[in-house]
Structures are given as structure tokens and as C-alpha cells.
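Some structures are shown below for you to check.
Shared between the two complexes below is chain A, which has chain B as its partner in the first and chain C in the second.
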Partner chain A sequence: MPATITHDDIADLCTGSVFLATGGGGDPYVSQILVQEALKKYGPVELTPVSAIPDDALVVAIGEVGAPTVSLEQLPTGTECLDVIDRFEAWVGRKVTHIVSFEVGGANSVIPFITSAARKIPLIDGDGMGRALPEAQMMTFAIEGVRPGPAVAVDYSGGCVYFDTQDTLLYERQVRNIAMAMGGMVFTAEHPMTAEEARRAIVPGTISFALELGRTLNANFGNARQVEAPIRALFERSDYGILKHLYTGKIVDIQRKIMGGFDVGEAVIESVGGDRGSMHLSIKNEFLVATVDDQVVASVPDLITMVDHETSSPINSERVHYGQRVTVFGIGCPPHYRSARALQVVAPRAFGFDFDFVPIEDL
Partner chain B sequence: MRIGIDVGGTHTDAVVLDGQTVVASTKVLTSANVRDGVVNALDEVLAQSGADHAAIEAVMIGTTQFTNAVIERRELAATAIVRVALPSGALIPPMIDWPEDIAAALGRHVYMIHGGRTYDGFPIAPLSCDEIDAVTSDLIAKGIRLIAVSAVFSPSDPSQELEVAARILEKMPAARLTLSHKIGRMGLLERENAALLNASLLPLADKVVASFAAALADRQISCPFYVSQNDGTLMSADFAAEFPALTFASGPTNSLRGASLLTQLNDAVVVDIGGTTSDIGVLQDGFPRQSNVAIEVGGVRTNFRMPDIQAIGLGGGSVVLDDGNTIGPTSVGYRLVKEGLVFGGSTLTATDITVASGAADIGDADALTGLDSALVETAVRNIHSIIDTGIDQMKSSRDPVPVILVGGGAVLVSRSLATASELHRPQHSGVANAIGAANAQVGRETERIVSYRRMPRDQVIGEMTAALKGELEQAGASSETIRVADIEETAISYMADDATRIRIKLVGDLSFGQRGAN
Partner chain C sequence: MPATITHDDIADLCTGSVFLATGGGGDPYVSQILVQEALKKYGPVELTPVSAIPDDALVVAIGEVGAPTVSLEQLPTGTECLDVIDRFEAWVGRKVTHIVSFEVGGANSVIPFITSAARKIPLIDGDGMGRALPEAQMMTFAIEGVRPGPAVAVDYSGGCVYFDTQDTLLYERQVRNIAMAMGGMVFTAEHPMTAEEARRAIVPGTISFALELGRTLNANFGNARQVEAPIRALFERSDYGILKHLYTGKIVDIQRKIMGGFDVGEAVIESVGGDRGSMHLSIKNEFLVATVDDQVVASVPDLITMVDHETSSPINSERVHYGQRVTVFGIGCPPHYRSARALQVVAPRAFGFDFDFVPIEDL
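Showing the complex of A and B:
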């Protein structure tokens, strides 16, 4: 049954997507306002399941690229995500039949709703990550061999850049530098897909999952022990498959520095109750590796999410500070990220760690 | 000598300080017109101290009047916002997320014009004089003369806000403007909200400042007076009349500053234990640690420099249940003096536990004779453990820290705390706010997004501090006392150019010696 999303659902969807953002993805506050206003104005959005993509589809991925911090000062116009699809269609000379989100983590999980509602282009229930990750080549679209171009980037002042790049690694360099030159953030339409490519490359069901997760978190508002059972049931029923309680304790140390645009750091958590040893969390915008007494207990591409122990609100990696009481959950990644080809770009080694990925269920 | 006055919702406190020594102190009821309460408090401390009025070098006032006006939606004037950002932000107009009642109080007079700059200073769109003039004509027609102006990245480059203001004033000399770069930090929505609240308070600010001035004149006190800001520094009376919103949350700030002055500690955790809750704050280098998250004032998101305060549900009136295993957050509050066991009531409270343990002599201890000693021991441990946990969440490293206990409920802490390297219970802590207000420092801060690849760090810091130093000297600081209080650098993630947000704060001592300079 296709899910229908109204403006009342957006707050829950944002909660769920911040949980799935594993510490990255930025603050969706401004996007949340924009999307709520858009759905009030244009009406609800019906999600198209991946299984229902028609054979003659042209699916395009849309979202924001750049530094979320900048857009808290220079706000989007609100029409970039419409402009970008109009310009894409005009350039390639075809109508886009479906759009899909880059990532279900943070602001990018909700931005495509504006495009879908205003342009009446169906939005697919799925995304290119099933979580948040920092770079374009880490999207399942790229991993499954979809080319980034033709692609269009639009800035907050209506400026536009066209790409006909064939390789996603190169495209990632280009688009990030364009974003920097155009005010820090751009909206892009990219990785156009045929039906066959879309069915293979999109992580299915993640938007409706994020909504259900957000609903569950908000409905069971309380400490992490209270929400654990209901959200575990949810994850076990999904493609994520597994949720593990990794650690509950207190942040006793947080170190961070910036390297090449990444917020790189390490947080140390010590037990205040029953958990043994101490947990070290490696951060590169997102939480990437969790160890307890030097034993890896979860690592990218599996999801590591930190929540405030008392309220269960997910904590952004930029907001981690000494003294917070936190609970850390580990969650299996979608099966798309378990292939050898995927692990080349999303396993710990791709982020500079010197060990191989072991799935969370085997740890 | 200096006089510190704290105008709270219930009490007006005053102290006379000679250097760091408290010479006199008093607590009187706040009057409906505020002025009478201030005069009463003044009379009382002047009489107590026997001080010659001519020996008073400065009067410092902390007040909650502006915070309360916003919270209660009263005395807020019709105010317009002119945002300089188009085409960016078009669908996210100012006041979009304001509660309806306060938006109505200001009137939703929202204008958006072209302009603003990117994070690296590039113009988003050129300013248009025609657009500015059209807005001005409309404001004149509507009879609105209070105006907030916000431009994108104005904290890095205020030139467009200044240009817009000058153009409006040219056509409308009676306009009163609050420019967002003067009052807030990065974060456009929050900063323009702050500017709007400030502009809407300007008529009230005129009234309040004039009434303070009249109260002092009434008592032949002719020295300059200052108003305390939320970051723990002072502003001159003239400045306060322009920036009333900078007084938001100055109460908790003054309490922390007062604790610092009373103990001569610059780095410590301050626990203010009241009847229902305890407020825990952190002193860093003599000033309160500030919160990094958006803070709502009367339901409006702002990014004011507010102290980072954690309230925990433990106070003298906290109800004790469950054989001493549950303390609070339910409290009998101000009814403690009727409902507590030692006061002849029937509710077991944290205060009763403290008396039963022998750590305090309050009320009638005989009322507690039937109390099980195991229960008392459990409750005492839990009280200390709740405070320990609260302190631990606030301190910024794992080492124990000096802890300053203030407030009426400070007696609840009768044993050592694991988180505390030392415990201080200063005298006069009941008037810590007024003592904190009577500090003698002024401060200024500024913020930019920079790339150290394009401009070396030393040069960035040099330029920013030079500009701040000039402003501080103008504000009355003696130049040899001016020092950097804080440099905060935050890297901006997902940016490839090592972009960093840098915020610098300078403080300096007021130069009382130069009489007549004011």
C-alpha cells in the first residue's frame, strides 16, 4: 500500500532521519519549516514503492550538497529544488517521471518532498544510502554503476552549473568545489536512472521507515531503555535487520579537529552502570567506528547512532560534549552496502581505518 | 564604592561594595512601578553603609523587566523587520515560526529586499535604493518607526545593514533601528528574531532607563550607572536604552558572577539550590559558560549569549518518598514553611532530612523524632548523589572541580561531593545577583567565518581584536586592562576549504578614575 505523507508527518520524519543520520547530516530545522509549508500549500505526497517503478521511468536523485552550517545563515530560497528539476528537464529534453532522495539522514530526507508536491513528480520510497554518509561515491546509485551526469547544480541565488561527468569520484570533487564557490550549498539533480537501474540501485522503503521510526521515537518519548524494545522490533522487521544496544555511559572525553572539510574526532564514553570497559567512538562527520576496550563492536557501513540517554533524542556529532549521558546503538546497514564493490567505498578502510569490515551481527 | 542592584520579579536586592568587600546589603519587595523598590533598596543600603553619596563611583543594575515583558507579551511595540537577503530565503520569511500571540503583539510587518553576502563575502544580490525607499514609504504610511534590519552574514560584514539603516534614516529621521549584527550571532532566523525583540522593547527601555536615572537623581547620586548584560559584562545606560534585549537571562549570569566575586574563584561550578530546583552553571575565567544551542525567549528562537544552566529537580522543598529512595522532582516549593515536618506540616521534605541528619538547625527538630534513621541515611545519600550527577554533567572534564554552593537550599549539601575538589559556601550568597551586577567589567565580541588558507590566523585575530578594542575603549574600559576573554573556533564540516567560524570576546575594566569623562 503506498504511503501518503502530509505536513503533519514531517516532524516525525525529521526525527527518524536524524536518528538514521548517525551523527551527520546537519540540523534539518530550516528544511522542516520549508517542507511543512510546501505540503500545506500543495497537498500531500504519495510515495511510490521501488517495486512500482514503471519500465519507462526516468528517475533522478535530488538533494543538497555542501555545508549545512552555512545554510543556517544564508537560507535557501525555497524554490531551488524546483528550479533544479526544471533546468534538468530542459537540458536533457525529457520529463523526469520520479525523484529519489540522496540520503534518508538529515535535511536531504525531506527536501525532495517540496519538489514532489509542487511539480507533481512522484517521490520514490527509498534513497541512495539508507543512512547519511559524506560523499557522492558512497551512494548506492554510484556503487551500482549509475553515472552521475547529466547533472545540474543550482545555488541559492539562482545560479546554475551543468555537469556531464561520467565518474562519481570526479563529480564529487567538482560539485563540492562548485558548492564552495556558490555560497556553500547547492541543490543538485543527478545520477539519472532507468527503471532497471533504479530498481537495482535504490535502497527501498527507507522514507516510510524513517517516518515510522520517528513516530515510534516520539510516541515512546522517554529514556533509551524505554524506546529500545519498540525500535528494535521496527529495525528487525526491516532490511536493516538488527539493532544492538552497544553501550550506555557518560562522555568523558571528546577530541576533534578539522581535516579536509571533515570534522574528525574521537569520543570516549565510560560506563555509569553495568556496561564493561570504555567505548571509543571515531567520528568523521558521522560516527564511523565504535570500540569497547579496543575491540570493534560496530563499524561503517553499519549504523552507529548516539542518543541522549534520558530523552532518546539523537545527538549530532558536532554537539557531543563532556558529561552527556548517552546510549549508543549499532544497526545493520542495508544489504546494498554489504557487496564487495560497495565495501570498497564505504568500509572502514575507505575512511582511513586499518581493519576490514565485520558485519555487526558477527561481532 | 559601588552599588549593585538586582531587580527581580519578587525582590529587589541591593549591595554596597568597597572593592570586593560587601559593606551593606538588603532585600526589599519589587514595587509595581519598579522605581519605588529601587529607591527603597537604595535608601536602606546607603543608611546601613553610612556612605557619602559623593563616594559612590558607579551604580550597576540588573533587571528582569525586559525578559518578563517578552514572556508576558506586554509593552511590546509595533515593529517592522527588513531582511536583506533576496533571492535567498524568499519562502522562509521572518517571523515564520513565531507563536501567534507575540507575532500579533509586534504586528508581522515583514519586508524582504535584495542583498546579503555569502559566507566568503561575495554579494548575493546588489542593494537597491528603490526597494529600500519603497519599504520606508510603506513604514511611514503605517506609522511604524521601530525597525529591525537583518542581512545575510552581517556578523562577518555589517556594511549592508549600515547602508540600509542610513537610507531609511535619511527619509525617516524619527526611525529607531536595531541592526542584527549588533545583537546576535550567526544563524539568520535566530539573529533577526533577537533584533526584532530588541526593537520592540525600545520604548519600554527608554522608560526603564529614565526611571532608574530619576531614582538615582532623587537620592542625589550623580555617578554613571550601568546595566548588566546576559554575558556578565556591563553596558552604559545609553547603550542599555538601545539594546534592552541584551539583559535577557542576566539574572542567572549575575548569580554566577556574584559567586565568583564572593569566593575569588574564576573557574568553578556554581550550584544555586532553591526550593524546588537547583540551577547548575559553570564559571570559566570568571564568566558563565555560554550555551551553544538556540534558546527560546517567550517561545521565540534566539541565539543570544545565554549562560549554560542546567536545572535539576532538587531543592529544600523536594518531597521525599519511597523510604528515602525518591527525592523530588515534586516539591512543596514556597509552602515549605507550612508543609515541611519541621515547620509543623505533614510532608517529608529534603529540608527535614537535612535537619534529621543533624546537618542543619531549622524549625522544630522534635517533629522528626519518629523518623527511621536508615531512611534518613538513604535520603541524605540520594540528595548528594543527585547533585553530584548534576555537577558531573556540567563540568567539562573528568577531574573534580571547585564547587560553590549558594541559595537557601545550600544546607542540603552536608557531606563531601565526589565531583568537588573543594566546597565553598560564601557569605552574602542570598544577594549574589546584586553582587554579580556590581562587577566592573565591560565586554564586546565579534564573529566571522574565515579561511586560514586565505588569511593567516594571526592576521585574522589581530584585525578582529583591534576593532573590538576600539569599541571597548569607547564603552569606557581603560585600555591597559583590556584582554582577550575567549577565542572560540569551530570548523565548518563538509567544507573543503578549511572554513572556520571564529568568535572572539574581549573584556576590560571600567575606568572609574576618569571622573567627568561621562
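Showing the complex of A and C:
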């Protein structure tokens, strides 16, 4: 039975999405308001389970590409995600039957709701990451062999570029450079999929899972000590791996700069009691590697998530600041990312770290 | 009466084009071979004078975009300039009736001959610069209000990007970033024009002028002292301004790096007799400003051209090296570039220099 998402659900969905975004995905605050207004205006959105995708489907992934910090200053109007799908359909000369999010993380998990509600195109309950990750070739779509083009990018002023590209690594270079040329952030419609490709490549159930996770976090807002048990139970019932409490402490250093269209940096957390060595978190849009006493305690593709120690609200990497008291969790990634083919593009070495991936349950 | 260009003319055309390229435009050596072979295979090309463009024409500008140094190492196969026009026609759903060169400088003045010969699309005797300049908004097409899109870029491996862009400054940012993402050099079809736009925006007669100039230079090869009088006479009969002998000396320093997709640098020339202060040439793909004793003796949009002092062969900026004995000429630009609107985008201030343009005849 499909889930129905109304404007009342969006705040919870955003909270859950920031948790799954592992620091990246972009702050969803402005998107949340845009999506709530869109669902009030156009009505609720029915989620289509991956298992219910019809054989003649044309599934297209949509979302924002750029550095999350840009989204704090350069704001969308909410029409870009309509423009991009209209232009995609006009270019390929076919109607899109279903849309799917790039990633369940941050703004990108809610922006497609605007398109779905306004254009009456069903939205799939799933995404291309089960989390957030910084580059296009890291999406399960690309890992499962889906071609990136035909793809369309529009900017906040209506500028538009079309890509007829076969290879996702080249597409990533192209779209990243275009995002930088067009002000730091673009909306894209890309990785068009047949039903067969979509069933194989989409991480299923992640949108409804993010909603349930957000409900649990918000229901326990301000009760950080009580929230761990119910969210652990949620993850245990899901396709994700185990949830580990990695660290609790205070942010004592945060460095962040925009390099090559990404937010790159490092956060340092010190234990309040001083009983453990400091935690270092390496950031490229997302939290990629967590070390304590120079020992890796979690790394991509497993999830590393930071929440406010008092409120249990998840924290985007661009919102991390000195003095915050935080708790860091590690969570096993969905099985899509544990294959050898996937690890080639999402393991620590794919980000320039000189060590192999060890699953969080073995650390 | 239209001029007919055969494979025997291409070497002369290339020589004249390097002279008009003012250091930029890319070394035409590989293009020259590709074009000679294409004209042998497909037959000669008739040049259409700007005055003969029919009222229902669709004129499209084609050429290479990138850093000239890249063209020395990453070589085209000669099919990219066919692919780009085929894709343009397929995208807009119309046949291109005429093609025109971006610039009469370097490789870009001969590459369109391949497309014209192979696809039987007439080539216009004219271009968008009357020289070479580094950026798209500096073309007379843009200055005269022609929109850059729809435009298509293909790389040497068949990768393809389409631009639906209204503004040439934004297009320049987009296509420059795409060129960098796709290996440093792309072929584009862009700035589609109606007959009315083409008649207004194209600098007329420059291809046949480059051919005549090249013939004169090659006929006097090795007689550098005798070549100045006949080329001065040629320029006097043309739409260009006066030709001035600016300097003769030896290259004593050349600095060059690739920055933001351009070749940027400076050449220093010392007088052989030591009777004058040194000449400094500022380079951004092209020779932009020439000073002697820190006094400007010529600047964009007027042409600054370097020739070998012994052979009279014109020298691309990427071919400048220590110890060459050279003569530098300055030539008044075509009248298209003397308007206030044109000077906004091609005067020295548009390149970051802190002085106003003074026409070469007043310096």
C-alpha cells in the first residue's frame, strides 16, 4: 500500500533526512518551507514502492548539485525543479512516469516532492544513495550501470545546459564545472532509467524510512538520552546495518573551505570528561571518516552522523560550529554499497584516504 | 563573385590567419593537414560574401574553444567539427544554411572548411573577430546582440553538451568550464543567426583577406625586410586600420602558464642594438598590450602581431621562445571594434588593465 505524504509530514521527513545525510545533502530549511507550501497548494504525494514500478516506466532522478554552503546563501525559488523536468521531457520527447531522489540526505530528499505534487508525477519510495555522498558516480544508479544522460541542468536564473553523456565520471566533471560556472548550485534531471534498471539500482524504502526516523527524533526532541533506543530499533528493522554510539563531546575545532565545488574540511571533538582521545571527522560535503586516537572508528560508505547532544537534532556539516556538544553515531550502510563494484567508488580510497574499508561491525 | 578555396590555398590561409591571430587562435599545423585532406576528398569550398547571404539563412558559428597550448598536445581527428553541426541540426530541428568562423585567427579560420566541404554547407567570407580574442563575449556576434544559444559542444571523445543560454557572458563561463572538464578543448556550434543578424554582426571579407595576406607572406618567405611594404599596402586597401612597425629585437624572457583555461603570460623583447628600452607583451591567449619603456605602443582591440625577423613567418604566442629574433607590428582593428559598445568588452580595461584604449594611430 503506497504511503501518502502531506505537508504535515515534511518537517519530520527533513529531520530524518538530515540524520541520513551524514553531514551533507544541504541544509533543508528553505526547501522544507517550499515543499510544505507546494503540498498545501497541489495536495499530498503518493509514494510508489520500488516493487510497484510498472514495466513501461521512465524513471528520472532529480535533485540539486553543488556545495551545501552555497545553498545557505543562494536560495531556490521552487520553480527550478519544475523547469528541469519540463525541459527534460521536451528534450527527450517522452513523459517521465516516475521521479526518484538522488539521495535521501538533506534538501535532496524533499525537493522532488515539489515536482511530484505540481506535475502529478509519482515519486518513488527510495533513492540513489540511502544516505548522502558528494559525487554522481557514487550513486547506486551509476554503480548499477545506468547512463547519466540525457541529463538537464538549470540554475536559479533559468540558465540551462543539456548533457548527452555516456559515462558518469565524465558527467560528474561536466556537471560540477557547470554548477560552479552557474553560481555554485544547479538542479538536474538525470540518470533516466527503465523499470528494470530502476528496480535494480534504487535503494528501496528510504523516503518512508527517513520520515519514520524523523518522527522518532522529533518526538524525542530535547530528550537526547532517550532517543538512542528507539532509533536503534528502527535501524534494526531496516536494510541498514548496526547503529553504534561512537562519541560524545564538544566541537573544539572546525575548518571548512569550498574547493572545486565541494565543502572540504575537518571537525575535532573533545571528550567532555577527558577520558578519551579526541575525535577527528574528515568532511567532503559529508562526514567521511571518523577517528578516535588516530584509530578509524567508522568510514564511508558506512554512515557517520552528528546530532546535538541536548536536543538530538541531526547537524549538517555546514552548521557545525565551535562549542557545540554533540553525539556521533555510526551506522552500517545499505547492502548496495558493500559490493566490490560499489566499494571501488565509495570506499575511503575513492576519497584519497590510504586505507581499506572495514565494515563498522568489525571495527 | 564567390572565391573558391582549394587544398592548395590552405597553407597560405593558415599563414595569414596566424598573422591576424595576434599570437592566439591556436597553432594551425594539425588543422592545416586535416583541412587539406578534407578538401582533396570532398572538393573545394566556395566562400559566400556577407552581401550574398539569403534572407532565409540560418548561419551558425563553429570553432574550437580552449587554451591554445592544449591543441599542441591533444589532437583533433577532424570529425568533431562534423559531429557538432550534425548534433546542432538534430537538436534545433533545422538545416544550417551557412557556417561562419568565430575568428580568422589560427586553427579556427580553417577548421570550418572541413565542415563546409564534408557537409556541403556554404562558408561565409568573414568571421566574428577580424582577428583572434580569448572570450566569447568579445565576438562581434555577441556585441551585436546575437544570443549564444542554442549551442552545442563536443569533445575529442564524442562527449557532448548542449546550451540553451541567452547571455554570452554566462555562456562564456559555461563553455570555458566545460572545455576544462572535457580535457581542455571542445568544438562548438553556437550563436545561430538570422540573415539580418549575420549581415550586421559578421566582419566581412576576412577569410579571403587572410588568404591574400598569407600568399604575400609566403611569397616573401626569407625576405623579411621586403615583406613590410606589400603587407602594408594590403592593409591599406582593407577595412583594417594602419600598420605600424613597433619593434625589432630578441626574445629575452617568456613566461606562460595555463590559468582558468587560458594561456596567460608575458614576453620580453630587447632591442638588438640596445638603442631602445625593452618591449613587454602581455599575453592572454593573444598579445594584448605592447609597451616600450613602460609606454603603451599598441593595445587591444588593435592587433599586435609578432613575426620571425628572418623569415617573416608569424608566431603564435605558444611558440614564442627564448632567443627568437622577432619583429612586432601593430595594426588598427576593423571598425566593428571601435564602437563604445564593443570597447566595453574588448578594451584593455576588459582584460584588467588600468588604462583606456587609445587607437594605434594616436599613439
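Descriptive notes on the structure:
Just so we're on the same page, the second predicted complex is superposed on the first by the 338 of 363 C-alpha atoms of A that agree within 3 Å, B and C clash if a C-alpha of one lies under 4 Å from a C-alpha of the other, contacts with A are read in each partner's own complex, and residues count from 1 in each chain.
The rule we apply is simple: a residue touches a chain if its C-beta (ideal position, glycine included) is under 8 Å from a C-beta of that chain, and two chains touch if they have at least 3 such contacts.
Computed from a predicted structure; not experimentally measured.
Within the superposed three-chain model, A:Y322 lies in touch with chain B and out of touch with chain C [touch as defined at top].
Of the two partner chains placed around the shared chain by superposition, chain C is the only one that A:Q174 touches, whereas chain B remains out of contact. Applying the stated contact rule after C-alpha superposition, one finds that A:G159 touches chain C and leaves chain B untouched. Number of chain A residues touched is higher for B, counting chain B against chain C. When the two complexes are overlaid on their common chain A, residue A:T69 makes contact with chain B while staying clear of chain C. Counting contacts by the rule stated earlier, residues 176-177, 180, 182 of chain A appear in both its interface with chain B and its interface with chain C.
Put simply, chain B touches chain A in their complex at residues 85, 87-92, 96-97, 116, 118-119, 122, 124-125, 152-153, 186-189, 292-293, 392-398, 449, 491-501.
Of all the residues in chain A, the ones that touch chain B in their complex are 24, 26, 30, 33-34, 37, 66-70, 72-79, 134, 156-158, 176-177, 180, 182-184, 250, 252-253, 256-258, 260-263, 285, 318-319, 321-325. Touching chain A in their complex are the following residues of chain C: 87, 159-167, 170, 173-174, 176-178, 180-182.
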